[in-house]
Structure formats: structure tokens, C-alpha cells
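Below are two complexes that have subunit A in common, paired first with subunit B and then with subunit C.
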Partner chain A sequence: MRLLNKDNVLLEVKNLKTYIETSAGLVKAVDDVSFNIKKGEIVGLVGESGCGKTMVALSIMRLLPEPHAKIIDGNIYFNGLDILKLSEDEMRSIRGNKISIVFQDPLTALNPIMTVGEQIVEAILSHQQLDKKEAWRRAIQLLRIVGIADGNVIVNQYPFRLSGGMRQRVMIAIALACNPVLLIADEPTTNLDVSIQAQILELIYNIRNTSGTSVLLITHNLGLVAWLCDKVYVMYAGKIVEEGPCENIFVNPSHPYTKLLLRSIPDVSFVREKLETIEGEVPNLIKVPKGCRFNPRCPHVRDCCKKVEPDLIEVSANHYARCLMWDSTFNVEWR
Partner chain B sequence: MFDTSENTMWNSKKEEAEEISVNELRTMLLTLRRSRTATFGFIYVITIIAIAILSPVISPFDPYVQNLSKRLEPPSFPHVLGLDEFGRDVFSRLINGATISLLVGLEVVLLALLIGVVVGTVSGYYGGKVDMIFMRIADVFLAFPSLVLAIGIMAVVGPSIFNVVLSLAVVTWPHYARVIRSQTITLKKMDFITAAIAMGASKKRILITHIIPNTVPPVIVLATLGMGSAILAEAGLSFLGLGVTPPTPSWGSMIASGRDYILQAPHVVIAPGLMITITVLAFNLLGDGLRDALDPRLRG
Partner chain C sequence: MNNILIEVKDLVKHFPVTRGVIFKKTIAKIHAVDGVSFEIEKGKTLGLVGESGSGKSTIGRLILRLLEPTSGTIIFDGLDITKMPENDLKDLRRRAAAVFQDPYSSLDPRMRIFDIISEPLIIAKWGDRKKIADRVYELLGQVGLRLEEATKYPHQLSGGQRQRVAIARALALSPDLIVADEPVSALDVSVQAKIINLFSDIQKRLHVAYLFISHDLSVVRHVSDKIAVIYLGKIVEYGPVDRIFQQPLHPYTKSLLSVIPIPNPTLMKSRRKIILSGEIPSPINPPSGCRFHTRCPYAKNRCREEEPELIDAGHGHFVSCLFWEEIKEDS
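Let's look at the complex of A and B:
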């Protein structure tokens, strides 16, 4: 239905369904999600906590906590290769080599009893044939690339001696160890100070510009995505509710959820009495609301929203929204 | 794609990276020195090992030569710790007995640890049926009073030092396996393990470089405690006549043979008894210190 330049697409996720079995019932964490990332593109995946963003990332890496979480249906093509059909060994040669991931919490994602250098060297040697000296040299180089100038000192440090921002830089250095073509950053700045956040994002931006690495940036902060991403997917309750080029999403948000997300970004240049929030919370993904999933929280809800589940509807060129107001068969007005 | 120009600065630091393991050892010893009790344990253990190795040279008398006319003589000048029931020099026997007691202690712990690490990590990491089978076997061993089991094994295989080591290792490995298994289970759910998998590390690599080293701190304490109890158990087995065969001296067998004369000549029993107590204590103190020294987070 959408026109894709097949040659340029690095990662294509098609109708991905990842469900988690819990004692309370089946959680449809990722429910029919499709998106693609082109070479050299930074793509944002935005949504509140608990709407399935991390499950998308883990599905791509095939790191789901099995047997509870499983990919039920769908395809993930990486460079035209169906990742879901690969053997565990083949997958291992892709992980960290072609696709790398940076986790949310740099505090716990580093081995506490190995020095930073040892961990970077391990990552390098797991996919590259280098001798040890060469690998250590590369480790210090990587630290310099991620903005740690005194890399030759830091390599001998243990993670607990470093600040949060430093650790996240080290994580990114590890992720870059084998020059991946796709970097997945799962909320890379959530646990960091605001000033450090900007530095880390700038780093990701520079990495893309210098090495052409595609980035999937997962975040709940639409503000971050604004200047960084080329394309944005907004996710709500396991589904993509809006997608399009970054400018379009910001200038012309076409789903009430996106609109509310944008309004709930703190902005100092703009004096407001109270920061707006979105009423309610992400629905329990075991029993999703009938009709539009956002209907219990939507300020513009109409009767039809509770009955009909909307499709992604083209709003403008390459800009889609999953809201009935764009469907001409219903007469919904919310603006 | 990334710049490779600034290599000169690195060259001077190249050796530094290679010396990591040496530095590591130095930091460890420095940390160890900060604790007075650990320093005592360390120095004592080094000394006792040196004495055990040098025993043939430094012992003042032959530990096997009997002098029945002077039997059970209390401590006096040339025989500083007196003579035993056959008129043998207690001090010399004590020094020579250290070899056996320490060897048994070390070997038992190493052997039990080897089994425990393999069973514990495999069981904890893979879980499922493997875990079930290994842990039920461990439970069978744990359900038995360990000394009774060791005595039983010794009764079958016959008394010898090697058999003492074997039977004690067989009865103690489940303790290590249990601790290592539970550590492994906690560790494998941690983010850095997931991160390592995400970096493309193989299962073998994760076990060897990430999981096993992280189980070391709790295990080292257990191992030094185990060292103490292995020395005690050897003493117990020798006391019952199942350990080393006379006239070979070991601390346990010295107590065993001296017990009949405990009222007439208490020095025969007190000397090896004290050695066992102090040695076990020293190993425990060293173990505590080592745990702190091996964990970079506790080094401060």
C-alpha cells in the first residue's frame, strides 16, 4: 500500500505481532506493527511507557524473554534477510555486528567486575579478527569517538567509578565496536540529566552523519525526536497510531494522542500555569478497549470510536494517522 | 570510517593496558592489607604453607624416630613441645603434619569447587531438566550427614590420603553447586547479561567471562570456610583411623593417638588442636578479606 524504495530500505518490520503470556492472560504487547528504516535514517518510535516500544526492539534483536514472550506473526527483513527465520548462530553473528542496541539503564548494562576496556575489547573480538593490542587501541579510539577524551585512562576503570553519562557513552562505544549498520537506542537518555541527554543525542546524530549508521530511537519524549529524527512512528497500546516525516508530525499532528503528547512536553519559553497531561493511562494490553484503542482517553471521542477500529489513513503525503476523523465514511470532527 | 591518526599518544600508554593483570594483583593486595584481620590471615597462611613445604629441612628431629624411654615427656629444652606416647618429638610431627593437613584442605576445596562450578553454572544457566536432575542429585548428597557419608565412602575405598580427598570432595561439592547455581540464576537475569547477548556473545562466552567471575566473591568465602572444615574433617577421619595411616603424622591423627593420654600428657593433644583452630581461623579471615579484595566495588 505504501511506496517503498526497496533498495534503500535497511530494516522492514511487517505486521509484527509479539505477545506475552502472563498468568493474567495474553498481553498483546506488539499488535500488527509495520514500519521501515532506510539506510542512514534516524527513525523515532515514540509512546508512553508500557505501549510496547521495547518489545519491538527486543523482537528485532530476537532477545525476547522466551518462552513467555513470542513473536506470533509477521516478518522482520534486515537487508532483505528474514531475521525471524535465521538460526540462533546466524542471529548471533548479526547481533552486535550488524545491529547493535543501547539499553535504557547504563548502570546495570555493564558488567560490574570487568573494566570498561575489557568489555569494549570483548565486543570487538566477538566479531572481528584482531589481535589484543589492536583491539585495545580500537577501544580507546571508540571512547574518543563517543566523546571521552581521556580514553586511555577510562579503559582501566570499572563501571561503578563512572557517571551515568559516561557509562552511557561507554555503552554506545560498545554498540559501535563493530561498525553496525543499525543502532537501536532504547530510551538512551531516560536515566540521565537533561544537559547530558542533549550531549548523548548529539552524539547519536553525529554518528549517523559520519558513518551513515541507521538509528531506531525509542523514546517517550517527543521533544527529543523533534530535531533528531527523519521519520517518526507514534505507538499507542501496541499499535502504530501515527507515522510520517518528522516535520509533518510536529506541524500537523493528526492523531489526538500525538497532539496530547506534544502538549505534555515541558517548555520553558512558554509560560503555562500547569503542564498538560494525558488523562488516564495506557490500557491494560490484555483487554484492549473496543474500537479505537485511544477512545477512553481521547478528548474528542464519539460513539463510532467505541465501535469501529480505525485503519491507518493517509492524511498527507507519507503521513498516516489511525483516527476515524480522517475516514470519510464517518463524520468526526475534533479540531 | 573513524579517525585512526592519533596513535602516538596511545603508544606510550600501550604497556599500561598489558599490565592490567599485574596492576590488578597489586590493587588486590593493597586492599587486603587495609584490613588487619585479613593481613593476619594472609601472613599466617603464607607462613604455614612455607613451613609445610620446608618441613623436611626445618624440623629439628625426625618425626618417626621413637624414644620409648622418654615417652610422654612434657615440653622441655630440645623438645619444645614435649614428646608423644612413642617418645617422638611433637614439634617435628606438628611441622610435618602441616603438609598433609594443608594438602588435604586445598585439594578437597579445589576438587569440590571444580565439580560445584560446573554443575552450578550449567544447572543455573540452562535450567529446566538439566537443573532438575543435577539439583536432585545434590539434594541426595546434602540429605546425608556429610561425615557419615565420608566415613562410608572411606570404608569402601580404604584409608589413604587420596581417598580422604576424594570422599571429602564428594560430600562437599553440593554446597558449592547450590550457591553457584543461585548466583547464576540471579546473574543471568541481569541487564549486562542481556547486553552481552545483544552484542553477539555466545553462551559459552557468557558463562565463562560474565557469569563465573561474578560468582567468585560469595564462593571465595565459602571456599575458605570449606578449607577449614576439610582440615577438620581430615582430622576427624584420621582420628577414627580412616585417614592417613600411622606412623605418618597429620594433625588429626596426632589428636587421635594422643587422646588416650589426655590427662597424663595434655601437650600431645593441645598442640595439634591449637594448630587446627588457628589455621581454620586464619583461612576464614583471609577468605573474608579476599572477597572484599576481589570485588572492585568493595575496594572503594
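Let's look at the complex of A and C:
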């Protein structure tokens, strides 16, 4: 055990490597990823599909589909405790209790043959010494916290009766059942309508503000990150390519991938004649490109990018980019 | 010269809700589309925005006559196609095509790309084999696919490439109108940008009109000339895209615009967000009066009783709200 409470760090992921064995070869889904989350912080992990961001979440929860997917190397310190060294029993007392997760698709994550109330109560009773009556009362209270006013009716319903937004609220209620200190939200609003998405995001924001819960928001949508996050990690092909305070990443993106990603999303606040696009496609993680993983798609590529794998370089205070050329690409007009 | 390609007036579509197997009884009606009117000019884009269940896809299908309207009229290039018998629709089928959301399910998995794109040409007896093959290769070029892809099957292509195939197929007979129903929603951010650019390029080159259906206001703003915001089967706001985005008049549009995630943290954290409570009500029993009153932050008693009409607010900007002038400055 190791104490690591400098700067109020709640979760520290160090050099995490999670690989998946497939018939086609070894997929290096998470390849030497390090990041940290402080108490009460909302941290964004952004990337396109297939970049390994969900694998990071599953590694933290130790919910990887073993034996195919395995953590090969690295440490995950939660409150100073390396959770990768815990036994399955010890981990179970943390999962859903201290750390909980909200998945993208609540219809597959919820049990279709249990009522909403039973599922919340199950979560409460597996970690807390309460009698059943008390737990049901708590379930209704939790539903109220996540914005379901008629909780006493909804507790008796099955998930299929609820709309997508309601299901996601139920998922959040289950996640909050034991007052977690860390909430992992994996694409929590991807299937939801804009007005419902806004409700869920404000809910997450308020949970942080009222109970100081840290949040890891995993998403492909940079708009959500701008809305909620204090700190951002941009992930590409299994690696963190840029990290820094939210404002810096958006005002002064320093990795070419981040820049292009920002320029390729249509923005309602101003209209471009043409959206920027990124050449090529996300690389196959079985055979990652040599050198910088972004080099086949990068407009600023040089010979050295194809040979040397870049480290994270400090661009400004607390802002890092994994790019050999950041100095020369830095001043290229990006908006 | 008449520049209007398609004119829709008071379009209504109700789906029956039935009970019983042998003695089917209609017990209720889903008011999917309830009195919608708009126009699309030749070579221009109308963006249709709304949340799930608002009836936007139904409108797309009605225009293509894939569904029979309950009432109302659809005039396609001067011709009333509302009640046209199926046999006479061949011309419409040639002149209006569709691109759907999910390129994984809209392409036949057992057909090669070449056959997928040539199928409409063969059905329309467009030309001999040689001519059709040339056309397929021309189309592949137009949508930015390599000619080698012609021999592949859909599952060998990525999502973005598949959507390109769907677009090539839609373009095969040089239509005047393409109904694009959420064409980029299933794609990744960087792929989405490429497909949006492709839509714009094609329009510039081929002068085809789009009915662009999407829930994503940022995408719609990027491609549209005019937009119609739809809520529970009714248009609540309609007009030129810049006017609506600069000064939304309907409280629903105001709210939607205030909560679109924008990649700008300073703006996101400082701007006033109007977060609607509750969810979109059931279209089986839409609320009385203004359908939005149950969620509207400005609702008054009159909104519960009186159904607002689309009112001309000037400059081709229409809004369906009883109090739009009072709340105009509040945003």
C-alpha cells in the first residue's frame, strides 16, 4: 500500500496497459496510459470509437472481459491504494460503493426482469447495513435526486416501461446509491435527445457541486467536455496524445489530432465554409503505425515522426502534447 | 420562373393504434404529423430539426410517398403527388431519392457495391450494360470512393464508406431531391465532417435539393438554407437558417440552442442555459392548446386553451407562439 495524497489526488492511473487477445492478433487497446483525477474534479477522456477509452473505464472498475482482455502492466491507485493488487472480494467492496459507473446504453445495462426499485435496493443493500424498508425509502429519495419526481410510482416499474432519459436517470440513481467518491460516466448521453442530454449533464454537474463527487466523463463529444470538464485527456489509438486544463485544450490545442478534431465538428456559434477533415481512418490497434501513431494522418508529418515515438512534452503549465513537431505546428493558424 | 421544387400544405399523418387480432378496433390515433406546411426550393436545403418522436422521419417518408398521408397536399415540381396511384409514381421515384441513418442496415449485405449502385439504374431501364457500368464508376468517383470498392460487399467497408455508397445509389438517377434522414448520426466525428462536406459538394455540382432531417442542430446549421423546427408533429419555427440561429423566437428553439454543446468552455460555462423540464409528451394524446405548454418556461393560461398558428415575424421567419413578441428579447 502506498499513500499518495499530494494535491488531493483521488485516482491515479500509471502506465496502464490493457491488451485484448483476438484471433486476429493482440489489440493494444490501452497502451501506457497515465492520468489522474483530483477530489471533486470532472475529468474528460475524449476520443473516437476504437481509441480505447471504454477499456480504460473497464480497467479501473476491473470489469474487463477476462481472459481475453487483461491488464498487462501498470498501477491504478485509488485513494493511495493500488486496486489492481486487491482480491476480487476486496474489489467488490469498492465497486459500486466507492467507484461506480454509468454506461452508454441503459437498456442493456439494466436488468429487464427486475423493477427499478429492486435494482436500486440491491445496490444499496450490497454495501450498506440498512433494513429493507429503509432501503426502499432511500431508493425513492435517490430517484428524486436524479430528477424523477414520482419515484414512488417508478420504483415498481420495469426498465422497458421507461424512456431513454428516465432509464439513464435510473442508472445514475443506482450509481449514486452508496454515495461514491468517483463516478465514471461512459458516453452517458450519446443516445439521448438534446433537451434530455442537457438535463442529464446538469444533473452530473450538480452532483459534483453538492457532494464533491469526482467524475470521469468518457465521450467523443468535445462539446460535452467544454460544458462540464475541468481537465481533459485526449486519447488516440490507445495513447493519451494531449492533456491539460479544459480552457487550454480548446483555446490552444497543441496536438495536430486535437486541432483537427476541433476543426472538424460543426459549431453553431460560427459556420465554416468547409469542415476540416482528417485524412484516413483510425488505425487498427493490432498493427499500430511506427513512431507517432498519428503520423499517417497528420498534415505536419516529417520523417522523424515515422521513426521516433514522441513523449508528452509540456507546452505550457500543466498542458502536455505528444508531438515532436509541436513547436513548429504551434503557430499554424488553427481556427 | 418557378423555383419551388416541393410544396407541402397542411400535411397530416395519423397512425391508428389497434387492439385485437381478428376484430381489429382502432382505439387511438398517433398524431405523428399534424398540419405541416413548408417549401423546398430547387437546389436548396431545408433542415428539419426535432427530437425523437417529433415526426420528422414521418415527414420524410410522406414526401417520398413511402407512406400515405392522412390529409394535406404535396406538390412536387407543380404536380400534385398526394393521391397519385402507385403506377404513376415512377417518375417521382426517379426524381426523389433517400439516404438513411444507418448504412449498416440500409445496404443489402449480400449484394456487391457495384450491384447496389446499379440496381436503381437497371430498374429504371437507364441504358445498356456498358452505359450503366460507366455510370456506376462515375458515381463512385463523385462520392469519393475508389473504383476497387465496386467488387466489395458492404461489410468490408467502414461506416463512412458505406454512407458514401448509399449516397452514390441515391444519386444514380440524378434526382432533384434527396431526403437525407439522419445521414451522419451514426458516424464518428471525423467521418461525419467528410460526409457533410460531400453533401455540400454534391449540391454545388449537381444542384440537387435536400430535405435534411437531423436532431443535431450544429449539423443542420452547417448544411441548410432554411430550417423547420418541429415539436410533436407541428412546426414551431420556420425560416432562413441565419435568422433562426441569431434570434430564435420560439421558446423551444431558444432552449435547444442554449443547450447545444459547443467546443468552447468559456462560452459553455458562462452562457445561460434554458433546461426544459420533463420529456416530450406522447403523440397519442398531445397536450391541448400549444403542444409545448407543458414544458414551456413562459407558459400562461391562454397557452393551454388556444392553439397558436404559424405567424409571420418578418423576413420569412415564422413562429408558432402566442407570446413570441413578449419573449423576443429574452434569450
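One rule holds for everything that comes next: the second predicted complex is superposed on the first by the 313 of 335 C-alpha atoms of A that agree within 3 Å, B and C clash if a C-alpha of one lies under 4 Å from a C-alpha of the other, contacts with A are read in each partner's own complex, and residues count from 1 in each chain.
Just so we're on the same page, contacts are C-beta pairs under 8 Å (C-beta built on N, C-alpha and C of every residue); 3 or more make two chains touch, one makes a residue touch a chain.
Only a predicted model underlies this, so the values are computations on that prediction, with no experimental measurement involved.
Looking at the shared chain after the overlay, A:P289 reaches neither subunit B nor subunit C. In the superposition on chain A, A:L63 makes contact with subunit B only, not with subunit C.
In the superposed model, A:R95 makes contact with subunit B only, not with subunit C. In the superposed model, A:R144 makes contact with subunit B only, not with subunit C. Shared-chain residue A:S49: touches subunit C; no touch with subunit B.
Contacts of A:A198 after superposition on the shared chain: subunit C is touched, whereas subunit B is not. In the superposed model, A:D105 makes contact with subunit B only, not with subunit C.
By the touch criterion defined above, A:G74 reaches neither subunit B nor subunit C.
Taken in their complex, subunit A has these residues touching subunit C: 48-49, 163, 165-166, 193-199, 202, 220-227, 229, 246-247, 250-251, 260-262, 264-269, 271-272, 274-278, 281-282.
For subunit B in complex with subunit A, the touching residues are 1-4, 6-7, 9-10, 13-14, 16-18, 20, 23, 190-192, 194-202, 205, 209-210, 213-214, 295-297. Every residue of subunit C that touches subunit A in the complex is listed here, in rising order: 51-52, 158, 160, 188-194, 196-197, 200, 215-219, 221-222, 245, 255-257, 259-269, 273, 275-277, 279-280.
Subunit A makes touch with subunit B in their complex at residues 61, 63, 92-97, 100-101, 103, 105, 108-115, 117-118, 122-123, 126-127, 133, 136-137, 140-142, 144-145, 152, 155-156, 158, 160, 171, 174-175, 177, 179, 210-211.
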